[in-house]
Structures are given as structure tokens and as C-alpha cells.
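One structure is given here, and the rest of the page talks about it.
Letters A, B, C and D name the chains as they come in the text, with residue numbers starting at 1 for each one.
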Amino acid sequence: DRPFVLIAGPCQLESRDHAFAMAGALSELTKKLGIGLIYKTSFDKANRTSVSAQRGLGMDQSLPILADIRATFGCPVLTDIHTAEQCAPVAEVVDVLQIPAFLCRQTDLLLAAGETGKPINLKKGQFLAPWDMKNVAAKIVSTGNHNILLCERGASFGYNTLVSDMRSLPIMAQTGYPVVYDATHSVQQPGGQGTSSGGQREFVPVLARAAIAIGVAAVFMETHENPDCAPSDGPNMVPLDQMEGVLGTLLALDRIAKANPVVM
Amino acid sequence: DRPFVLIAGPCQLESRDHAFAMAGALSELTKKLGIGLIYKTSFDKANRTSVSAQRGLGMDQSLPILADIRATFGCPVLTDIHTAEQCAPVAEVVDVLQIPAFLCRQTDLLLAAGETGKPINLKKGQFLAPWDMKNVAAKIVSTGNHNILLCERGASFGYNTLVSDMRSLPIMAQTGYPVVYDATHSVQQPGGQGTSSGGQREFVPVLARAAIAIGVAAVFMETHENPDCAPSDGPNMVPLDQMEGVLGTLLALDRIAKANPVVM
Amino acid sequence: DRPFVLIAGPCQLESRDHAFAMAGALSELTKKLGIGLIYKTSFDKANRTSVSAQRGLGMDQSLPILADIRATFGCPVLTDIHTAEQCAPVAEVVDVLQIPAFLCRQTDLLLAAGETGKPINLKKGQFLAPWDMKNVAAKIVSTGNHNILLCERGASFGYNTLVSDMRSLPIMAQTGYPVVYDATHSVQQPGGQGTSSGGQREFVPVLARAAIAIGVAAVFMETHENPDCAPSDGPNMVPLDQMEGVLGTLLALDRIAKANPVVM
Amino acid sequence: DRPFVLIAGPCQLESRDHAFAMAGALSELTKKLGIGLIYKTSFDKANRTSVSAQRGLGMDQSLPILADIRATFGCPVLTDIHTAEQCAPVAEVVDVLQIPAFLCRQTDLLLAAGETGKPINLKKGQFLAPWDMKNVAAKIVSTGNHNILLCERGASFGYNTLVSDMRSLPIMAQTGYPVVYDATHSVQQPGGQGTSSGGQREFVPVLARAAIAIGVAAVFMETHENPDCAPSDGPNMVPLDQMEGVLGTLLALDRIAKANPVVM
């Protein structure tokens, strides 16, 4: 029944200075609004559309920055991992490990993530039905780890398009695990710009409102002070200066939703 | 900025007594909640999955009943028409003519409906993109009639399944016409029971919450005092005794949504 | 085990002269190739994307032309009907009545068509699963008419796109009715050009080859001597002068397919 | 213009004896039919639906078996790899490395595979448009390796269902790389049996016929002497004793298709 948590940050860890600026701004904003923040950023964009797209700073340079952000702002930190080997070292620094959607069926990665004992944010594959996420969760559970988040981020709908089937939120909630709605990647247009993915930033607040009104534990929403210049997911990040307005409405809707939980 | 209007009633006009009982209950409920009611019921189910399924009382028997409901309860009445010939006689009695989704591209039907001058609720075809509804509306506009509602009721998603793409609500709103969300037919499973359509009643309040939180002019929600015994759409009608609870939450969400309109 | 029949002609009956020229050319070509021809053309495009698009000559002007083509070239004639009232007069002239895909669930239209006793080509709706066509056929059968063809013409796949699920051919064949593959409308991009449908003419021969190799009774392929100037479906009609090459390959594949029927 | 190559074998390497029996039977059959064979089998099923499903013998046990099959039967061998580290050791033994569909966007895996210099069979992700495979291929090409095969294996179509869009074959062929049609996984029903994937074995020959008639360089078709007892993909493997009949028809269709190439 608590207010939703915001999972936010720039898609990619661009530099120590940029990460600190973003974390500082988000930390201040969420304190002002009275909601929890999990700072999200990626050290490696491991599945870019194009081989020539920028991948990020890498694990070795990024982990100390994430550790410092955590220490400085006192907020939990989330990042995504791409190989089984990354799980243990990343888990020493971050609070939540995230499994990318394309990798949500890779058993070894799931087991390695589970074995860290850390909370795991499981992105639902674009190719997966919501009821099939129980099998994904069971792989984590098999390691003895029950700290699981299930995350909707859109389902394949024809080519170069995703659709958010909002029924997936209560369906996944029936597992008992908290459900996250990733409003950023749900508006991605995979491969939609030829050699990079497009996005529909204008629908992020729209779909986030829908998810919040149904009732979710957390909203995932990437942001950037200048999305059009961001090295990845620019088309679907919310400009930082619009976040307060968006979150204000979400908070008001969240109170109604939490007071009137959906019964399935 | 006004509260959403409820378009509701039993899927099928079963009898004068049943229609009066349902209209009476819904009229009382919506007065209590302070929202507008448009009473919806069909005189003919013209596109049943099976030829042996019950079609309804027919136009001649039904129009006087609709007229009496209108006079007795003082609420506008909506029904769907299936041929160009039905438009004029039906328009003499009802307040809103509805174009069924399968028929939303039939030019002659649209022109005949438009020519009545009545408000027209245009259901978006399961096979149509939201941006293509402007072409459907233009057929009505060509008759000089600008009283148009655009209604989302789910898009084809694989076989026997619909998905509600909530982006369609603000996309259709960009036409300037009021947007309706049909929560009943959006949870239909077309042909899902072999010789009849299935449905997922439990998702009606879920998807209605999502649509309301984005902002719609009206919610369409069929109801029945005993859906499991209804002659059509039973699997996706909300039991009458649950309507107050569902609408109460929708109203609270609607106030937030209307105070914070989505900007596109 | 007989060779496939070709259902072909220009999408729209443009004029007596044009219809005769097309029918003459197709009649000659199919005689040369030793395959049957059913001449197809529409007297009314009743569901154009845009209200300002050209609809055709209309029933009254068209029926005598169809009758004359039939008499002159000795080939059966097929056209589509859009209302129950059109069925009887059209059936006096044509050999096969066609139910448009959008209308494949309209019970009265199906019953009126069935009652003519004529063969009925049932287009599968873009929103329908192949196994649901048995319910559509049952509406025709309820009139005592068993002369039924089931026609695949693409299923909704995201927005503005259709996909041909080739599994539908043997699934529909399990009803015992002959199966037709409509290669023209399967490559339509509904609403894909803003105020008209687009199409991918280059894929007509591709998908026709696939369907023929599986085994179908007939291929539906619209053609025009100058598709880019045709009043409708231009983007997906095959230029007349390419038909011979396309059909030659289909005939060779058909022989193999018919000698090795798919067993389900 | 050469006949299609068959990529076949049991889904999973079950044991040395089983692998030899299958390779022997397929080698004999393809010699009799005059077509090339690439023996396919997996040493690890790394993305099973359920954590308790059988994964296979593992890389260390399997590579010597694959080497011996290659030596004994003189046929090239193909297997799939799941991590960048596996690429080099596997490439020492096998002739073709295969990238699993879920992993087709993982840049490091693609680069490691490319760097082996071996031919790479790139499965198209269920979430990817055919025109987006050029970006996947470009990652391999960036390593200087141009030995690329592009493989269609179905696209997401609603939940728990794939559809084969046969247009993808000529679209992918426009890259200039040989195109493979995987008839086995295209009929998978992902997660369709609750804790395992279902399949529709009866459609393997159907869809293979369609692909061959359009024109492909190779057909991928898993087989087993007793599919119902196979540890994985049983529902979509063709029984070994039916392979000759299936391949015979495909060969006849292939001759027609190769003599009449699709022009795009």
C-alpha cells in the first residue's frame, strides 16, 4: 500500500559528472515528492541495434561510480548485467540486479544473478506471455533467492512496434512478486530508425498513468537533461525538467489505486 | 473537464421488463455517483460467432421499449445499427447511433448514420490503427454531421485475443472528438470458446482504470444482474452489483486525470 | 488433384471496354496455360479507406457487363456483395458470390448469400483465426447451401500490416471445403498511405508460390494493365504482362503439390 | 541454383550412441536424395522454459562427439553457442556456429562468433523485423567475417504463438547472404504447455514447402526417431521415418523454385 518507487536515471552511464548530476537531481526531486528512488543506469549497452553505437563506460570504470552515488545520495542503485560472470562483482556494489528482456530465458544468467542473493528485476521478454514469467521467476527461486521483481516493458506487436498489454500487471502480480512498469522501453520502436531504435517519448507519461492506476510497486522511467543528445534511448527518455510534473500526477493516481486494490 | 459519462446496459435487449429493471438500477446508481448515463443495449446481435446463437428482439419490438426507457428515466439511449436502412428509424428514437467495429469501414452505413444528424459512436475496428480513425470520422463529417465519438475496443493480437493499446486514446483524441473506452469488448476473446466468444470479465475494471487515468470522455461497460445467464457477452459483462465499486474508483481516478490532462 | 483455378481480374469494374479487354486477355492466357479462370471484378468498393475514393460503377450498370463477359468468354464470374439485398439480383448474373472479409461475421448477409444456392467465396476476416471459419461456413450451410470456398487474405499483424499465416490453408482445408489463397489482399497495407491502403505488389508472386506449394484449390490475384493508374488496389495488383510468368511457375509448383498432398 | 541443403539432427545431443545413429541415418538419407547435410545438434539448451528441464551433455562432453561425427560421416556439423567464451573452442570442432534467436542482438557474442572466421547461422529474433537482420549481420561483418547465413524461425504473434511471415525470406535474401528456413522452431508454441514449449509438428512439412517454393538455400528441420520421448522440442520434431517423404516433395519443389528465382 506504500507509494510507488521510482526507478530512474539516464539510460547509459555517460561519465562520473553526468551520473552525479542526474542522481543528485533525482534524489532531490523524489525527496520533495516523498517517494523512494532506485537510481538506474547501465554500464554497458550490450545489445545495441548497430555495432557502431556507443556502448558505455564498461563495468570496471562504472562500478566505483555507482558505489559513490550510492554512498553520496543514500539511494539504492540498479543496473543490468549481461553475462553470468558479471553478477557477483556487480552485486558487490549495486542493490538490484536487472535481467535484460532479451536475456530473460538464459538459465545460467538467471542462476548466477539469483545466487548473489540480491533483489532481481526480471524484465519480461518482448516475446513472452505474462503468465510465462512464473517460469522465469522459478529459475531465480531455485537458487533460494525470493527477492524478485517482475517488469513489463512491452510485447512484440507486428514489426518495429511494442504494445503494453496492461492485463499483464495483475497477471504477473498473482505470483506475489512486486510488479514494475517500465514506461521507457514500452514506448521503444525496436529498430525503428534503420540503424537505431526509435521511441515515442510523448507516451511515457500516458502509459505510466495507466499502469499506476491499475497498481504497481514501481515505475521505471529513464530521464536525461537533454534526451536528444543522449547516446542511447534518447527518443524515449523523459526530459529531466518534466519529471516533476509527470510524477506529481502519478502520485495522485497512485493514492487512489493503492486505496482500491485490483482484486483478481 | 467534466466527469466521464457511463455508457452501460446489458449487451442485448432481452425483454421490456429486463430492460426497465437494468435501466432503473443504472439510472439510480449514476445519479447517486453524480455521473451521466447513456443507456446502451442492442436490438440485434447481427454478427454472432454461431448462427444458432440468440440474436435479440429485433428493431420493431425494441424501438418502443427504448423510447419508453428514455421517457421514463430521462437518460439518453444508445444502440448499434447494422444496415443503412436501420439508421433513420432508429435515429427517431435513440440519442446516439453506434457503428459496430466490424462495420466501421462500410461507407454507406456511415453516410446513412451521419445523415441522421445524431451523435455517432464509431467503434474502432479490431483491424484498424488508431490514426486511421480520422478517415472513418471523415465519412461522417462528409454528411455535415460533426457529432462524433471515437471508441477503442481492442486490436487483434494473434488469434482469439485482443489487446488494448492505450496509446490509441490520446492518438484518437488528437482529432478533437471525444474518446470512449469500451472496457467490455476489449476483454473479449473472439471465437475463444469454439462456437462463441469468450471473455475476461475480471479485466474490465483493470483496463477501465487505465483508460480513465489517461483521460477519456466516456467509459463503455456492459452489465447484467446475472452475466453467466446472459444470452451474449456474458463472459465479459460486469455483474450489476459490482458496478458501484468499480465506478467509485474510476470516479476518483477521473478527477485526477481531468485535473491533469495529457498533453500531446 | 486438378490444377488450381485462377480467380483474377481488375479490382474494380472501371468500364465495359476495360472489363472486356481484361477478361479477353485473361481468358486467352488461362486457355494457353490450361487452367480454369473465374473472372473477378467489383461493382462497388464499399469500404474504401477514404470517403473521397472512387467506388465503382454500381450494381445496376455492372450486372449487364458481367453477364456479357460471361456469355462472351464462357468463363464463370465472381463479384462481392455488401448487403443482403444485393445477393439475389447479383446471383442471377454471377457464378460465385464473394463475402468481403470485414463482413464475414454478418449473419444476414451470409444467410442471404447462402439462400441464392450459388457458390460462396468466404473471405476470412483479418481479425479471425482460421479455425473460426467453420462457424462462418456453418451460417451458409444452415441455408442448405454447401457450395463454399474458404479464402485466406491475411491476418492483422500490428498496425497497417497483414501477415499470411500459411498454416491457415491446411487448417481451413480440414473443413472439407476448397481453400483459396488471395495473394492480392494479403499484401495490402491497410490504411498504409494515410488516406488509402498501400500494398506490396512484389510479394504477390512470393506468397502465391508458398500457398500453391502447400496446396490450394484456387489462387486469387488481381491484375491490371497499368496498376499504378488503377482506381483501387493499384499498389497490390500484378501488371497484366507479368501474369504469364507468375502463373507458369505456380503451375509447375502446383503439379508437385497436387501429387504430394499435405496430410494433416 | 544448387539444391537446398538440409540442416538436421536431434534438438539435443543425448548421447554418443544416439548422435551416431541419427547422423548415420541422415547421412545415408541425404546421400540417397543427393542433397547436402549439415548435422545439427545442441550441447546445451541454455534457455529452457523451466529450470528443471534437461539441458544436455555440456560443451566438454559434446565437442569430441561432434568431432567424431564429422570425421566418421564426412558431413559438416553445426551447433549453437550461448556465450562469447564458447565461440573459440566450439569453432575448433564445428563447421557452422549458430546464434540463438533470443541472443541475436548480443554484440559481444556476435563479435566473438565472427572472429572465429567460421560460417555463422544467425537466427532472427522472434521480436525482430526481417529488414533489421542487416544490422545483426553488420556486427559479424565488422570482424571481417562475411560467412553469414540468415535464418527465419518465426515472429511473435500474440502470446504463445509464432507466425512465419514468408515475405521475410526474399527480404533477408536482399542482403546477399544465403537464407535458411527453420521449419522446426517456427512451429514452436513458446511456453505453450505451461512449463514447457509446445509445438505443431504437423505444420513442419507445410511451412517447409512454402519456404522452399519461394527459394531458400537451406532448410532446418530437427528430427528424432521417437520425438515424443525426446528431452526437448519433441512436439515439433519430425519423426525420422517421415523425413524421406517430406524431403522428396521439398526436392521436387526446390527444382522448380531454383529454376524460377523470385525477383525483387
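Worth a mention:
As a working rule, contacts are C-beta pairs under 8 Å (C-beta built on N, C-alpha and C of every residue); 3 or more make two chains touch, one makes a residue touch a chain.
Everything numeric here is computed off the predicted structure, so don't read it as measured data.
Interface repeat of B-C: among B-D, C-D or A-D, the matching pair is A-D, sharing over half of the residue-numbered contact pairs.
Ranking A-C and A-B by contacting C-beta pairs places A-B first. Centroids of chain A and chain D (each the mean of its C-alpha atoms) stand 33 Å apart. Here the CA centre of chain A is 48 Å from the CA centre of chain C.
Annotation: 36 Å between the Cα-based centres of chain A and chain B. Taken residue by residue, chain A touches two or more other chains at 155, 157, 159, whereas all remaining positions touch fewer.
Residues of chain D touching chain B in their complex: 157-159, 161.
If you check the complex, the residues on chain B that touch chain A are 155, 157, 163-167, 169-170, 187, 200, 202-203, 205-207, 209-214, 248-249, 252-253, 256-257, 260, 262, 264.
For chain C in complex with chain B, the residues that touch the partner chain are 46-52, 55, 82-84, 102-103, 105-108, 110-111, 125-132, 135, 138-139, 142, 155-156, 159-160, 190-191, 195.
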